[in-house]
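This structure is in structure tokens; I'll ask about it shortly.
We call the chains A, B and C, going by the order they appear; numbering starts again at 1 in every chain.
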Amino acid sequence: MAEQLYNAVFIGSIYALFALGFALVFSVLDILNLAHPTVFMLGAFIALFVIGTLGLPWFVALPIAVLVTGLFGIALDRVAFAPLRRRGAPALSSMISSLAVTLIVVRLVELRYGGDFITFPAGAVPAFVFRVGDATFEGIRLAIVVLTIALMVVLTYVLRRTQLGRDLRALAENPRAARLLGVNVDRAIAATFFVSSALGGLAGVLLAFAYNTLDSKMGVPLELRAFTVMVVGGMGSLPGAVIGAYILGFGEVASLVYLPTELRDAFAFGLLFLVLVLRPTGLLGQKSRDRV
Amino acid sequence: MRSLAAVGLASALLVAACGGGAATPSANPASASATVAAPKPDIKIGLATAKSGAANFYNPQQSNGALLAVEQINAAGGIAGAKLQLIVEDDGSVRDQGITAFKKFIEQDKVVAILGPTLSAVAAGAHPVAQTAGVPVIAISNTGLGIVGTCPYGPCDWIFRASLGEQSAVPETVKAATQKLGLKKVVIIYGDGKFELDDLSIFKEAFKANGVTVSKEIAYTAKDVDFAPFVTQAKGETPDAIVASSLAGAAGKILDEVAKQMPGKRVIGGNGLNSASLLPNANAGLMVVGTAWSKASTDKTNTDFVAAYKTKFGTDPDQFAAQSYTAMIVLADALKRSGNPTDHAAVKKALEGVSSLATPLGAFSFTADHDVKQPTFVMTVKDGQFTPFQ
Amino acid sequence: MDAVLDFFRTYSTTIAIIGVSALLALSVWLTLYAGQLTLGNAAFMGVGAYVSALLGRHLDTPFPVALFLGAVSAAVLALPLGAIVFRLRGVYLAIATLAFGEIVRVILLATPITGKGQGLNGIPPKTELWHIYLSLAIVAYVLWRVQGSTIGRAWAAIREDEIASASQGIAVGRHKLAAFVIGALIAGWAGGLSAHVTFSIDPSDFGFAKAVQVLVFAVVGGIPNVLGPILGAGLFTALPELLRPLKDYRDIFQGTILLLVIIYLPRGLVTFVEVRRTRQLSRIGAADVA
């Protein structure tokens, strides 16, 4: 039982780590970035490239992957979102353009690495393991759990207490007003995408390390979970996303233990549906936004 | 000189397009006689394979196996002087594209036979097309139920299978595992796709036949990322082994979890575990899987195949390559014996007569149901290679 | 000429799928026209597909009746959905409809009679091309005429400004529900038709990927004109087949085309049909909304 609890915490952390970047972009720019699973995957593959092709150790690969995906995020905005923003296009268009980018990038990765999953070169990935009595704990999984919470704290602090955070919140409220008030909107948006994508890339690298494998489609299962997580926790709220993630993680493991197996999937979506109907703003959301 | 040939070719094409296209999609004698020189016309074969989409990891091996075979056959003189031409189309891992690929082969390319498609779910739509048109098909990687013999869409006598069905392989695996591991109780962890569900029912039957209890069946979905909870659940039943009715990606994670949570226990699996991508997995040694092909087999046909593949493509072949290669040489054998290698009915009859043909998979025959009859190799992994399970 | 016949026979399935996709795109178009964003129509398509196929298989229901019942089942299922999600808008509504769709799909996966994950195989290919294109013509015509009707104008008003419409006495709730239900009806009908084209269906045909695909057809095709979704469906269904010569690079081209269209054609593919009107609207900055 305790073991399942730990499993639930770990799963919750994966969802949270993935959802943080996703939620950040939505909370600031009201965009559902459907290319987020792709930066997630990209982070993992950049790490693979650095380790496998450049022969560098994992602790060099990790920061490089995070940095490069962050920069990719800025490029993503320039190519797929900024033109639509300038035109005042509805959010739906942004969703579709991010989808298009996903198609292209995934295919490019597959052309280089194939569609099958790849294992890291032996010994390349850190594998700290320690035992407590009967149970085995992997260092990397613990690291993910700890990092997720730490990142949530750091991000919340940045948003509440720093100038950048204030700029972002102003931007989220009203872009035009923010610009009039002297906020460097372009820089704030670039920062948003950098951080969001870097988070996504970090999640990708860590997960690839945790399983010692990666593949071009690794972001897909997490994408749908991310919707649930954001809605349950409150769209636009970062702590909310994290809490939503843990609720989902615990719920999934609980339904595995207690429910007939075929209905497990229905749990996640049933929960989502219920929250949307009873409390659309989610647990910690501020207000619902009108958008088509 | 060149313009003359061009005119000749153009008129040949014109004749073929307008005059020759009768209802029967067999080769057109009119075009043969209209060409300038007279090599025998190529015998066309279609290969529908997943180069993109969810199953794209079957390539390039699946295409390469067939290409190698065609190259070798042509180098040895082809079929009574006529060369084989392999036309490869991407089925996109989706039914619609698989159907269109088959239709293109049948209506436009006028092939004599088709290999593929990759996935059983795509075959469910594509095979009936060939059946209706009366074109022989050899399935090279469909291992589920309802592909040959008794098919859900009605008669399927034009469909043959060269890929060892799970119905044949799994009982062998279960028998070997039960005997060598002394199994009394197992837990099955299975996915929600067609392959995994077919495998589940076949495994259950096989275990029952061997007197082993399946104390729990745990389902996961394509959206699950972490497999620790599933193995933890399974652990609670204290089974003698875990059965993974999965595809390779999930299987890899299950192997890791079992190694972590249930040291000493092994993982029995179906064809999904039969993947080169699992070989680097540190815990691959835990698996017990029935395969259609053993690279270590010392049959000359196999060692020649492995060497030739490595020379041409630079890597070792895997089971998909071995199966597509085998299907091609089986087809070539049938074409030679058919007496009329462009007539569908003759080729079909010849295919039925394939008996103990030497292939990399061993001695190959078709059963009365057009299914492959070959030995099952029950394997595990050692030192990064598939090795026989002892 | 035989080459033409061969071409036609080869691509008959593709042409059928284009027709079905166009119907689906129209079903989404309708709800978008009323200002509602929905990702649930793939699930309604699935309901129509399964119901009509199962009725045919187990009860020997004649084809048109089975199709009709499939569509009606989908519409009936849309009723509770519509009522529940009244209070949601925009992205929230989209996600709620998506969640609903996924729940339907999971139930399909769990019900034994549907064949569960193994899907329903060996469905007799009863659909003819003329069934599909006649349906498409009728639906397109009706929707085109509806635009100028009372209910159509009510929908347009709701799309522009819900609160103002309500204050004008328009029964906003009921109109929204009507859009959902009719959309579901069309999607269910399309589902029944498509099930009898490709011999087999399984729950993964009707998931998130499909829902997004249908939405793309409608949006990229263009909202202002009934022709839009049809163009969108046509182009993007045909594209994989058209791009076959590009082999491994197909997806890259498809993504690039999608990206270019969504960024540079605010009114979607309809721009090519209504060139002058688009130019006028762009000049006054109203290209996206009208």
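General observations
To be clear about the criterion, a residue touches a chain if its C-beta (ideal position, glycine included) is under 8 Å from a C-beta of that chain, and two chains touch if they have at least 3 such contacts.
All figures in this text were calculated on a predicted structure; none of them were measured in a lab.
Chain contacts in this assembly form a complete graph, since each chain touches every other chain. Note on interfaces A-C and A-B: more C-beta pairs are in contact across A-C. Centroid to centroid, with C-alpha atoms defining each point, chain A and chain B lie 38 Å apart. Taking the mean of the C-alpha atoms as each chain's centre, chain A and chain C sit 30 Å apart.
Each of residues 109, 116, 248, 251 in chain C touches at least two other chains. In chain B, the residues that touch at least two other chains are 52, 222.
For chain A, residues touching at least two other chains, in rising order: 107, 224, 262, 265.
Contact residues of chain C toward chain B in the complex are 1-3, 5-7, 9-14, 17, 109, 116-119, 121-125, 198-200, 202, 204-205, 240-241, 244, 247-248, 250-251.
Chain A makes touch with chain C in their complex at residues 30, 32, 79-80, 83-84, 87-93, 96-97, 99-104, 106-108, 111, 224, 227-228, 231, 235, 262-263, 265-266, 269-270, 272-273, 276-277, 280, 288-292. By the touch rule above, chain C contacts chain A in their complex via residues 35, 37, 84-85, 87-92, 95-96, 98-100, 102-103, 106-107, 109-110, 116, 159, 208, 212, 215-216, 219-220, 248-249, 251-252, 254-256, 258-259, 262-263, 266, 285, 287-288. The residues of chain B lying in touch with chain A in their complex are 52, 54, 56-57, 59, 217-219, 221-226, 228-230, 232-233, 248-249, 252-253, 256, 260-261, 275, 277, 280-282. The touching residues of chain B, counted against chain C in their complex, run 17-18, 20-21, 51-52, 89-90, 92, 95-97, 99-100, 103-104, 106-108, 121, 124-125, 128, 146, 151-154, 192-194, 196-198, 222.
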